[in-house]
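Each structure below appears as structure tokens.
Presented sequentially are two complexes of chain A, the first with chain B as partner and the second with chain C.
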Partner chain A sequence: MARPGLPTATTAPATGAGGISPAAWITALVLLFMPALASDFFLVQVFGWTLILGTIALSLQFLAGYGGMVSLVQMTVAGFAGYMVAILGTSGLGQISLGWPFWLAVPVAILLAVVFGTLSGALAVRTAGIYTIMITLAIAAAFFYFTRQNETVFGGFLGFNGVRAPVFWGIDWRSPVPFYYLCLGWAAIAFGLVTWVIRAPFGLALQGIRDNPRRMAALGFDVTAHRIAAYAFAAFLAAPAGILLTWLNGQIAPGTVGIGPVIDILVIAVVGGLGRPIGPFIGALLYVLLRLFALDLLVALGLSGQRFQLLIGIGFLLTVLFSPDGILGLWERAQQRWAGPSGGGGR
Partner chain B sequence: MAETGGQVWGGSGEPTRGPLGWIERRPLAALLIALAVALLLWLVLADWPEELERWLGRKRVFVSALLNGITLGGLYFLVATGFTLIFGLMRNVNLAHGSLYLFGGYLAYTTVQATGLWLLSYLVAFVLVAIVGLLLQVLVFRHMEGQELRQTLVTIGLSIVFADLMLWVWGGDFYQIPTPEWLAGPIDTPIVLDVRSNGEVVYLRYPRVRLVIFLASVVIGVLLWLAINKTKVGMLIRAGVDDREMLAASGVPIQLLFALVFAFGAGLAGMAGVVGGTFQSLSPGEDTRFLLASLVVVIVGGLGSIPGAALGALLIGLAEQFGSVYLPTYAIVFSFLIMVLVLAFRPQGLLSVR
Partner chain C sequence: MKKMLLAATALASLALVAAAEAAEKLKIGVTATLEGTYTVLGEDGMRGFELALRKWNRKAGGKDLEIVVVSTDTTPDSAVRAVRKLVEQDKVDLVISPLSGSEGIAVRDYAHTQPQMTFVNAASGAMETTFVNPAPNFFRWNMDGAQWQAGLGDYIYNNKGYRKLATVGEDYSFVYTQVFGLAVEFCGLGGQITQRFWVPLGTKDFASIIAALPDDVDAIYLGLGGADAVNFLNQYAQAGGNAKIVGGSIMVDQTVLSSKGRAKEILKGAVAASGVADTWEDPRWQAFVKAYRDAFPPDKRFASPSLLAVNYYNSASAVFTTLDLINGDLSDGHKKFRETMAKLELDAPNGKIRLDQNRQAIGTNFVTEVIEDAQGNLVSKVVKVVENVNQTLGLPLDKFKALGLPSRTNPECKKY
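The block that comes next holds the complex of A and B.
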């Protein structure tokens, strides 16, 4: 009864007896040796960006799929972390940035973003159900308008530019290959954390709360505390990704945390599939490829290249209308149909 | 945790005993409200002493912010009413509501450009946007009844598509619907701003169109109250809000009722677009601005409650205007703070009877 209309995520992965499926091994190997295969452009602009957006969308998938709370505040949390790195560390806006070294600025930024995400969550869980989406959207929008209005701390309309990844251990982390591994590293950690947490007692309790909060409360679980903790965990996943996004773009501005990007993260997670943690990454890859190559596609369809949002909107609508469990769901259904009852597993 | 909820008007949850009953039950709150109103009246009517001017700036600024806030509240009320009405009856959080607002505004702009008739543009915007709402309800939402989250996701998708379609047709320019001549120019209000040393009295001059539009939104609010409380359809709506299944079981054509209410709510949003386009401006991005305003207004007032929407709209309008006058870089924080406080102490909203 918690989330009518959308499939609930399950903990059981579609694996054989060996634990991790061959497809997962191959994907991991390809991702690990990607720099040998792909050009710098693909490495950073396609895969780096995909991994970053995928991680932010993963934090939404965790809240929505396992906690039953569709939070639109995840992009805002990520952007908040990006803003904090710009404000605490170095940027082109010398009069605002404090110039802290990165080893201090980055952890403090993540910590502040987690605090921000937790407080947003504490507000959002004051009411349940469909309110969550409204309250988190209101928080996201308020943060966007605030950063745009506020010159003294958030740099107003233009935001901060010249925010770059640091150089340490003799490695220039802003060059393509190290930056790719940075993104891959955090995405892998986040993915691992989610798969671990959903099988841990906390994750199981959270899924119980998603399915029947009253019963869980009667069993002695603190429903509100679990929900807020889920927001904190999700913020912890999204915050480093936000910092990476800021480094990727070299800047952070209100446009990064605007309503468009906030909704895009939801689109990515839903289109990819809220059912399992891999879904958001599939959605992110599709989104990034569309974003970069939509021009050709749109021209092929006889439309102007500016109609990108239309494409995204229609794609999202079609997904919600016809395959609420996203591409992942489509894939699993197709797999089941081809391989018969023994092939699919999963759900 | 069933989201039973919205009381469209007054309420059957507890016995309604009118304002007098409320004062009896909450004497302290009533006293505080009365004091606040008295203070506000004094601030508006009195000749300000120097001390006060040092604190709050010129009286002209204060009174203008007050009037701007109230008239902006009127506009927010028009937008949020449709939103809250649709939610109250159908449990559909329509996140495309801002798009309907902007669409109404653009339609009215085009109508005024073509015909020059400002009043006609209201009709055009109301009818066409109502038709869009009707189609949405009949073609889309009817097929996913009871699936709240999926409906909401669909409205998000629709708002993306609508925003881009409107950008396609009307471009990224700013439009303002020209005020008709009979409403243009300022009007002398009986509010005394200052008495000059030679005994000449300075009155506040205020744009006529804003006052007229505010009065119109009050009239719409009152008519809505009458419609919901005194007509048969209104009775059905109230019954539907309280218990939809029971109403459907008693043979009322509930799908027709849903379609009508959705169309009416959408039409109101479209009409609000004309109002917004006349005393503010229309451009891409206004849809999200007014969606956010409706969200905050109904969260503050209580989702599903029309008096709540009125109170919320007034509070948010005032907060926004006073904020932008006295603390420009933090203006947005005020309306947000109101929302946070309400969520912290009365999460169901100020006037929600639950």
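The block that comes next holds the complex of A and C.
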């Protein structure tokens, strides 16, 4: 039996053509034709950033929602991949960067980040609950302080600037429209992979382990191996998003992998809703909009802009207070209310 | 589809209206560190900016000024995000940014990618920002960290008789630049810097550094700022520290001297150097201090404007003066604006400022000592004024370049 509030494979949206709701179709269409609607800034800084953060939070949602492991190391894995791209590829710090071409630097960076994520997972899986959170937070904090102190490999406080997205097939992949599709593409692949994996035998076993590890072990499943594999898979989702984040900012520095951003990913996932893969993306959109426009909103209301952080905090607090399962839960409850007891959320 | 078309038309007409409005208004984007370790610095910077706005009556070049403020937190990431929002989303006409050293380098890199926009540095003071790969559309009206130390090494060597120093600084570009400026002068005279301690920006616990401070030095140089400076002083006082202090430009500054508590008492008698001095007799400075005190109630300001307030005021004044000179005409892709600004000489509260070929300020620097004034406030008293300080600190360019760039260990402490 699934514990209440935790997702099961059956509550995930069906992937068969008949099962896709009209809302999903519309969302997909809008996302696909977004460049026709949105300005360059919205395309890149709002939607690009949302998709990137959403994908990183999705890797956390996968671990937490389906594996029962709340890992704070996901932002670090993404940042690690970003650092690797800067170190292996080209950047403004010529004396450190190795200058490999992107088609070599990117796959190697992803591979290294997956190794890093898997090792972190191997350390963390033997713990549970709050101890998992603590050990992953410790890894994240250690990595942050290390990058800030180390100048010979990680470039210290300033990090790497001038990290450019590649130009090939005659396209500059950092120009707004191609970059948006790059982000959308990886987010869609990650989303698809998660919805597929949770219905595959591995994903079902993982959910079984989440609900009753002892019983799964008795049935002959290797609990530890499954959990480590889940970390590896999550790292594989987060790593390319980290590289995209580095290209988005044109740079990577300790501020990207600091304790703040690490917690932000958890906040995004929780506020969006840990129940389904779409949750993290909703949370990311709310986070990005608040981050970018909270100050403007206060000024527009005639208030002093100084307290914009308060607005961000209150926004998240209210969401969690009124809906412990995030915005997604809010939406599902509203749907059930409108549709009556028989329709809607499927629980 | 019809709805979408309708929405698109509505949006387009909105954009048209916005464009028509923009013709009479000038939009200026500003960033300041309104969060994190340097919050007090950012807030006082914005007070300086507000003073310039009031002086110009929110009008420059015959156009109304509209201001968009974005907050950063001293990290290069946040600075890039902030200026990108200003340029790409708010579509400002000019950008005044950023406040902090490593932010400056990131914004200069971004400026290279936005040749149509002009960036005027607000207060950041890393040397590389204008010295290495300078952007033709990036202007800096304040001196860099090394220039702000001009005269300090000489004063502590010859007047105070210090021969050996240890330094404690925040681990980022601005403080590297400050120690660079100190070392070139102090070591050039024969002084020694025996140890350099670097602490991460935003450090709360300085116990290990304080324990490691050497005893066999004449004074300790502190290159800390904002909350870090106050935290260090508190812990140093509790540990019973009593070394003589030599301070960096944002260490001995109203952002720290105005802090509450007794820790700052340690700073009494400290020697420092900066682009401002609280007690300078010059009428321009006195007028500025009066304007600052009149504009804000005592609990919403410092006893005297900080270095940041002056920098923001100067940067904004340079922008508004230039706009007045060209009648607010930016239609030629900022060509006239940039040419006029490059030639401008600013009669600033802290002395005349002009720009060099890299659009970097050449100005006046002050060596100060901290005293208690009649009201019991700690203020910095001028002991020496150094005029016409340029980026190469008076050295020929090739000799200065040979020193290398500021870092944790560079330059070596020796005679040059």
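Points worth noting:
Just so we're on the same page, the second predicted complex is superposed on the first by the 305 of 347 C-alpha atoms of A that agree within 3 Å, B and C clash if a C-alpha of one lies under 4 Å from a C-alpha of the other, contacts with A are read in each partner's own complex, and residues count from 1 in each chain.
Assume a residue touches a chain if its C-beta (ideal position, glycine included) is under 8 Å from a C-beta of that chain, and two chains touch if they have at least 3 such contacts.
Small disclaimer: the values here were computed from a predicted structure and weren't measured.
Between chain B and chain C, the partner in contact with more residues of chain A is B.
Look at A:Ile133: by the touch rule set out above, it reaches chain B but stays clear of chain C. Using the contact criterion defined above for the overlaid structures, shared-chain residue A:Gly162 touches chain C, although it does not reach chain B. By the touch criterion defined above, A:Pro240 reaches neither chain B nor chain C. In the superposition on chain A, A:Glu151 makes contact with both chain B and chain C.
Contact with neither chain B nor chain C is seen for A:Gly329 once the two complexes are overlaid on the shared chain. Residue contacts after overlaying the shared chain place A:Gly48 against neither chain B nor chain C. Of the two partner chains, chain B and chain C are each touched by A:Gln309. Judged by the touch definition given at the top, the superposed model places A:Leu295 against chain C, while chain B stays out of reach.
Once chain A of one complex is fitted onto chain A of the other, the partner contacts of A:Asp40 are limited to chain C, with no touch recorded for chain B. The residues of chain A shared by its contacts with chain B and with chain C are 145, 149, 151, 309. Residues 1-3, 91, 93, 95, 140, 144, 146-154, 156-161, 163-165, 167-168, 288, 291-292, 295-296, 299, 303, 328-333, 335-336, 339-340, 343-344, 347-348 of chain B are the ones that touch chain A when the two sit in their complex.
Partner chain A is touched in their complex by these residues of chain C: 8, 34-35, 43, 68-71, 73, 75-78, 80-81, 84-85, 88-89, 102, 105-106, 109-110, 113, 171-173, 200-201, 407-408. Partner chain C is touched in their complex by these residues of chain A: 37, 39-42, 44-45, 92, 145, 148-149, 151, 156-159, 161-162, 249-251, 253-256, 258, 292, 295-296, 299, 305-306, 308-309. The touching residues of chain A, counted against chain B in their complex, run 1, 3-6, 70, 123, 126-131, 133-135, 137-139, 141-142, 145-146, 149-152, 213-214, 259, 263, 266-267, 270, 307, 309-310, 312-314, 316-317, 320-321, 324.
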